[in-house]
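To start, I am sharing the structure in question, which I have written as structure tokens.
When the chains are written out, they are named A, B, C, D, E and F in that same order, and each has its own residue count from 1.
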Amino acid sequence: MALSARNQLKGTVKSIKKDAIMAEVVVELPGGQEIVSVITTTSAETLGVSEGKEITVVIKSTEVMLSN
Amino acid sequence: MALSARNQLKGTVKSIKKDAIMAEVVVELPGGQEIVSVITTTSAETLGVSEGKEITVVIKSTEVMLSN
Amino acid sequence: MALSARNQLKGTVKSIKKDAIMAEVVVELPGGQEIVSVITTTSAETLGVSEGKEITVVIKSTEVMLSN
Amino acid sequence: MALSARNQLKGTVKSIKKDAIMAEVVVELPGGQEIVSVITTTSAETLGVSEGKEITVVIKSTEVMLSN
Amino acid sequence: MALSARNQLKGTVKSIKKDAIMAEVVVELPGGQEIVSVITTTSAETLGVSEGKEITVVIKSTEVMLSN
Amino acid sequence: MALSARNQLKGTVKSIKKDAIMAEVVVELPGGQEIVSVITTTSAETLGVSEGKEITVVIKSTEVMLSN
């Protein structure tokens, strides 16, 4: 599947926390920085997200801000 | 300024392309991966975005997807 | 590629309009309704978006509103 | 109310799941495809979202990605 | 039309700038603060957005960040 | 920190409601209108969000819709 979202960063799941509806997943990038993703618990379970799993973070470019 | 957006990744501007309304900025992260940001041209100019500039990429967690 | 974004609707590209940075793509769904996608022109060209092409529309659930 | 969000798809609520803050609503479109919406529980209750209800799904065009 | 997006702020259009695809609209709120909206030019024209027009700004709650 | 997000509105926290993952914060603007923000509970606690606190609401322009 080729996706229009141009931001696709490989990383490793560092932690996952879930409640009934939403899940919060912390992903560590190769450079040591972290990205937090908030998705539905259903999606997290369908993808089989678990600690230590290699995963790709995906972000639409129009959602990315910059700061000095 | 402390911001609720938990994703704040440091990088360097690799390229910038602008038209009347929108600008597309490519940022290189320390690990070598890239992130594309689409912001208004006004914002890019206010921040002084230019090639080689050190910059921080900011993303709200609810905008971050995951994929296998 | 399995993606956490749970909204993946199949359709056909009805029209595409591009400028230097952004592209606007109208997709027709099987039920006859239409979805408009605004992505970067670079993404549209990388995906080879053109009229008549079968394509999948992808939307993160947290971006979907409801109305009466 | 006329809204700038150009994606307004009619459908029927198939299921709803709520916790204290967030609600997840599955909507079935006429063509048989489904869309998941994550909104606040307060919004879901204010709109009176319930199974079988006819509803309109609303999405801003800049939130819509494409994939092959 | 009742909409799940809970942020609906009344204001007045202060300026509008358009190119082929995207439009940038500055809205002044009653308290004197401003909000910038980036929508498609097609949407801006369909809504008849023009300087001095009274308009409502609409934002999904999950898109709103906070900062100190 | 200068941020590309051009919408930065000052207000006062009117209420906050939290569960394990997500928090819902209602902010009152000087003109009397309200904005609801949904962020992670971790972010809300890191920022020290509490009733009566002066806070800034931040929104990326591409997330702002308009309606008549």
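By our rule, a contact is a pair of C-beta atoms (placed from the backbone, for glycine too) under 8 Å apart; a residue touches a chain by one contact, two chains touch by 3 or more.
For clarity, every value in this text was computed on a predicted model and none was experimentally measured.
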Give a one-word verdict, same or different, on whether chain A and chain D use largely identical residue numbers at their interface, taking over half shared as same. different
Tell me, please, which of A-F, A-B or A-D gives a repeat of the E-F interface, judged by over half of the contact pairs matching in residue number. A-B
Roughly how far is chain C from chain E, centre to centre by C-alpha average, rounded to an integer in Å? 23
What's the distance between the Cα centroids of chain C and chain D, rounded to whole Å? 17
Averaging only over C-alpha atoms, locate the centres of chain B and chain F and give their separation in whole Å. 22
Junction residues of chain D, two or more chains touched: 1-6, 19, 21-22, 24, 36-40, 42-44, 47, 56, 58, 60-63, 65-68
Applying the document's contact rule, which stretches of chain D touch chain C when the two form their complex? 5-10, 24-25, 27, 29-39, 43-44, 47-49, 55-68
As the complex stands, chain C meets chain B at residues 1-5, 19-22, 40, 42, 60, 62
Given the complex, residues on chain C that touch chain A span 1-6, 37-40, 42-44, 46-47, 56, 58, 60-62
Using the touch rule from the top, collect the residues of chain A that touch chain F in their complex. 17-19, 21-24, 36, 38, 62-63, 65-68
